[in-house]
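I have a structure here, written as structure tokens, and I will follow up with some questions on it.
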Amino acid sequence: MTLTPLDELFLYSGITVLVALLLGRRLPAGWMVTILYGIQLLALMKMAPLGYGGEPISSALTFEVMGQSLSWRFDALSWYFALITLGSALLSSWYACGEWEQRFRQSGGNLWLFHLAMTLNVFSMLILLASGDLLSLFIGWELVSWAGFLLMAMAGGVATKAAMRYITYAMAGAMAIFGGIALVYVSAGSLQYEAILTAASQMSTAHLWMLVILFGAGFGIKMGLMPFHLWQAPAYAETPGPGSAFLGAISSRMGLFAILLVLVKLFGIVNIDSLKIPFTLIDARDLLAWIAVFTIIFPTFTAMKQNDARQLLAWHGIGQGGYMLLGLVVADAMGAAGGLLHVFNHATYQAALFMAVTAVIHRTGTADLNKLGGLVVRMPLTFMVLLVGIIGLAGLPPMNGFVSKWLVYRSLLNEGMPLLFVAAVIGTLGTILSVYKLIHNIFLGQLRVEHDNVKEAPWSMMIPMLILTAIIFITGLLPGIPLAWVASVQQAVGLPVPDYTLGGVESASGSLDMIWVIGVLFAGFGIGALIFYFAGGRSKRVHQLDNYAGGHFLTADVRYQYSDNFYAGLMHLIGGWYRGSFLWLEQSVKSLVEFLSLGMQGLYRRANAEFYLLSTALFVIAWVVI
Amino acid sequence: MAPMELIIELILMPLVAFVVGMMMVLMMRRIAAKLQRRIGPPFFQPLYDIVKLHSKRTQVSHGLIHDIGIVMAMGGYIAAETLLPVPGMTGIAEKGGIITLLYLMMIPSLGLALGVGQCANPNGSIGIARALTAMLAYDIPLVIVIFGVAYAAGTTNLVDIIAVQQAGGFETWGAVQMPVLAIAGLIAMHASLGKQPFEIYIAPAEIATGPMVEMSGKYLGGLFVMQCFQLYTTSVLYVSLFLGGGTTWFDFLLKSFLVLAIPVSIAYLFPRYRTEDLLRLMWKWPVMLGLIGVAFVL
Amino acid sequence: MSQELTHWLDDLLEEIEGIKVRRKSSRRVRADVPADALPALLELLQGRAGYIHLSAISCVDWIEDDEFELVYHVWSYESHSLVSAHIRIAREPGVYLSVYDLYQPAGFFERDIHEMYGIHFEGSPNMEKFILTEWDGPPPMRKEFDSEAYVNEHLNWQEYNPPWLQELIAEGGGVIIPPEEQRFSRKKD
Amino acid sequence: MNSINKIPVIEEKRTNPLARVFDEFVRFCRSRSLFILHYCTGCGAIELPPAMTSRFDMERLGIQPMVSPRQADILLITGYVSIKTLKRVILTYEQMGSPKYVIGICSCTVNGGMYWQSYATAKKLDEYMPVDLYIAGCMPRPEAVLAGLQKLMDRIHSGEANSWEDYFRNYDYYLGNQQKLFGENWQTPTDIITEAKHYDLIGEGTLGKHTQILEQHQKPLEALDMRLGHDLKEPTE
């Protein structure tokens, strides 16, 4: 038996898990794991032709289970997602090595469990990405869910609670997916992709509806789509630093991958488009688009109200997922490219942002936005990383987030979808507001007395952050690099491909060339700097207390900083709109389940009530959904 | 296009924008004076102000980000001007298009926000918080309007949008074809200028001119330059979207000044809205008009 | 109605020993009491007559009598009437009891009086500087404090008599106050 | 004694004719663009609204009101200055960017005016900061205010109005007077001595015995410099 490059990748990934399992208690484990991630990435690079339209590579490994053959293979789609997964794993793990690791261990963290959970996550994600049929997809899905749970739950306390919430959702989702797979098996007679592809065009409308709902809900839960988004922010925010960078970058994109694979590739966006909702003007595709848009808006505006930096970022992670789905659902050349490109871009800046915030926590011990301020003079490089990250997150030029969002906007404009377009822009504006609050409350404003001796983050943490920063900027300047990969993904999935260039996109109805835009922007900055530094007189740096306060004498013990209730005027108007409806919904479902499970408990008199509660909950939710 | 020609255009476009912008500042102040039955400032007053501010001997800086913020505020607009076609010059308008321009115009605000943030003055921070809130208020109708125009023209390329409007003379102007959108756009544009009654983030008597509170000398001078660019960009953008751009410099400038005169004349008759009232107003009328306008276009 | 009320008030005030009540108008009563009877009077007014609002404490320096006069103005929202309780205390040592426990606003008035007259109120929560935060001279409202002398000693003064004003005066314009009509003459020499 | 007379006019005419034209232009612009910060300490402030609005219209002379001291060129003190207020006035003055000018409006700023024997009112404003111009009167009419402002404009244009340099060059004198009033612990959050060094405005009178007293108890006022922090000593834990 010869090892294909894919088998090699699996082998290395398995070795990484083993190393973490056996040697994880020794201190250099972090470095070893990081190096092994690097080797995995090299193995992935051997399959690089996939990213440029190469033929899919199969694994030598196949099983026969109940007459179904299980197989694994990599195509452009898998390769693209695997690249992001391994890249973020490598950098997160690198980030964790060194000082962060020591601090984590000193404060009682279980480093072995951390590395194990990370490696397991990567391994299971690779398995999922390589799935060659629905059954292997389901196996990969379950592995990813539990591996994610392990990473989320390891911090204990609040984290465990959030992770329990996650796993409840995930199990419900798994049930829905399982139901969907069963339904596919009944109708198509096989779980092979090819068989489903042919069967999809002949499916009845009701059948297809059922499948869209089941798969959409199942995968949507992982993605944090509305209304299944509640679990994500607390779960990601409570994960230990580099773990949250990794999870925030890629974990919930597995849901997008599966949606792309099943709904777009297998069922076909055209088929979904034909599913009309009776008595309304919208069809299933519109429904998905609107879910995407609500997923953009609501979590973004929830993020604006957060006072914890990690929570704020985690909520944005949910919101950005909406852009990806929105682009994919529009499904023209530009939209799909935008959605897919956003997966890559989001991974880069989200990881950078989580890392920067973790660096701040590492140095100051808090992520509370009301207890920080003025750190730019003490942690300038971290400030730069965060700045680049938030420009990307907000989707402003010159960073990469702008390109993908531009593509999504353009597609909505081309297709004539004004409401979706406006909603997407509202999401972006909300993002700008909330990220300014993030950078202002941490890095700008008055430096607190107790932070006077804060140092810059150590180089072991700084270098991965700087690498990410460089990637964010370079892919913003030359979006053609990732767009090439995206184009082959689009080909593999069967979507139209945009006419991309190194600097952006060519189109008869308005193109984008980031090289020119950024070139001119920096030329403008240059001229601005010339005017500023040479046309004006000298200036003197002054102490922060030499500040206008209406003639008042400021002293160091006076907090002269505006951080709490940052958008007071806005909240005057929209503050009352935050009603926590989804929390209410979740609570009521939970109460119902509890009530039912009480009945069950009475029936069985079992001592292990928790277990029953959970399993009943799953079944009831699955039952309700199906 | 020959590279030399392009370079000259790239240099000329911001320069023209600055000069015209200064005249717009002058016009704004003169209109205010006329409305208040005053004489108003002399012709070169905007120039005097900028020269004076840049010739200050001492000024305070609150750190590197404070400096960079001003550079970004000026530089962002200088870059944005090259995306805004004027008669005879298109610069790199075809490489970006209107969405890019819209987002590029946020860069100066972002730079300013960073610079103000480092000043460590809560007045400034409140000003920025309000400015961003105001942006959330007026950008929603503005984006609807831009969607309508771009969809009607079938392109996001500003050069093409202008060409489409100039094709049939007066009848094909955006304002004639899409009057409802033009009105919504005018309201949104007024709010984006940050003049009364929408000047919540300047608010002199309340938060000591907000973002400008710690700006002295050339820092304030940079913001004065930025204001020139801002007035120019806003009015020229409106002219390009709705009034068919300009075929000659004369009618181009005439249109730009006239367009700017409308909100400015209204502005000085009003006091200031509160933040939430601004949001309510902006999210109600121009959005409604914009959506109706877009419905006509579709 | 007010007649009845005030009669009732008169009866009530009789309970205080040594009190002299004078009715200044239908709404205004002046009560002179010995210094040690004031807390009892205020307690009576607040607790039984509804005078719940202490609107001011004022102070007069009777330097010839070597006494300070403290006046407590209390107001009733029920009968809409004001009672001014006057007491006299010795200038030296200038110590009196705080009524902070009866009327909390008294804290500010007492702090103010302490600053201006140097009277110490025992039991007042805060006797720090109040308005004259930059002041470290003697209490400036005491009669023996000579403001003019203080100014002459501590601050420079400049004449302002520009040529145009002199011309104006020479032409018979301007307002000239002859020295004998000035209440204080700065130039004693 | 008029305080303006004691300030020597330092002529710095450059030899290069182009540079002289440039300097002339800059001085002209300075004189035609004045942002005022009106520190309304007393009754004189009531005369400013008519001076600004339609009747007299300051803006035609290029004079505009501003809000924070950072933006302003002229500090307009309109009325009596109590000692408590004076501290704030001094801070405000020090926070302004040079060239800066001080105008004392009303008799109170000249010699205390009707508060001449008040223990709480500062008498001569020019003891504590260099005053370019007094506009006497109780209160001066808007015509007088405008006439004063025009006189100041002429002085700026001719380069005479450089009393702000005197505050740097003779800081010890002003600081001494301030210390006499506020005690030896007097200190503003601004740091005039380092500023004078930074802008090369050190004169013979910048440092003296009063600044020595200041430097003894002055809390450190260095700007927070950006640093990577690896050269710092370990924080004690």
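For reference, chains read A, B, C and D in written order, and residue numbers begin at 1 within each chain.
Operating definition for what follows: a contact is a pair of C-beta atoms (placed from the backbone, for glycine too) under 8 Å apart; a residue touches a chain by one contact, two chains touch by 3 or more.
Since we're looking at a predicted model, the values are computed, not measured.
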Averaging each chain's Cα atoms, the one nearest the global Cα mean turns out to be B
Farthest chain from chain C, comparing Cα centres? A
In terms of C-beta pairs in contact, which of B-D and A-D ranks higher? B-D
CA centre of chain B versus CA centre of chain D: separation in Å? 35
Quick check: how many Å separate the C-alpha centres of chain A and chain D? 56
Taking each chain's centre as its mean C-alpha position, how far apart are chain A and chain C in Å? 71
Measuring centre to centre with CA averages, how many angstrom lie between chain C and chain D? 39
Each of the following residues of chain A touches two or more other chains, namely 374, 376-377, 380, 447, 538, 540-542, 544, 546-548
Contacts with two or more other chains, residues of chain B listed in rising order: 55-60, 62-64, 123, 208, 213-214, 217
Chains touch one another in the pairs A-B, A-D, B-D, C-D
For chain C, which residues count as touching chain D in their complex? 132-137, 140, 145, 147-148, 150-151, 154-160, 162, 184, 186
Listed in rising order, the residues of chain B that touch chain A in the complex are 10, 14, 54-65, 67, 70-80, 82-83, 92, 94-100, 103-104, 106-107, 110, 113-114, 117-123, 125-126, 128-130, 132-133, 135-136, 139-140, 143-144, 147-148, 150-151, 154-157, 160, 200, 208, 213-214, 217-219, 221-222, 225, 274-276, 279-280, 291, 294, 298
Chain D - residues contacting chain A, complex: 68-70, 87-89, 91-92, 95, 188-191, 194-195, 198-199, 221-230, 232, 235
Touching residues (chain side chain B, partner chain D) in the complex: 29, 33, 36-42, 44-45, 47-49, 51-53, 55-60, 62-64, 123, 204-205, 208-209, 212-217, 220
Per the contact definition, I'd like the list of chain D residues that touch chain B in the complex. 25-26, 28-30, 32-33, 53-54, 57, 59-60, 62, 66-68, 70-71, 73, 95-99, 195, 199, 223-224, 226
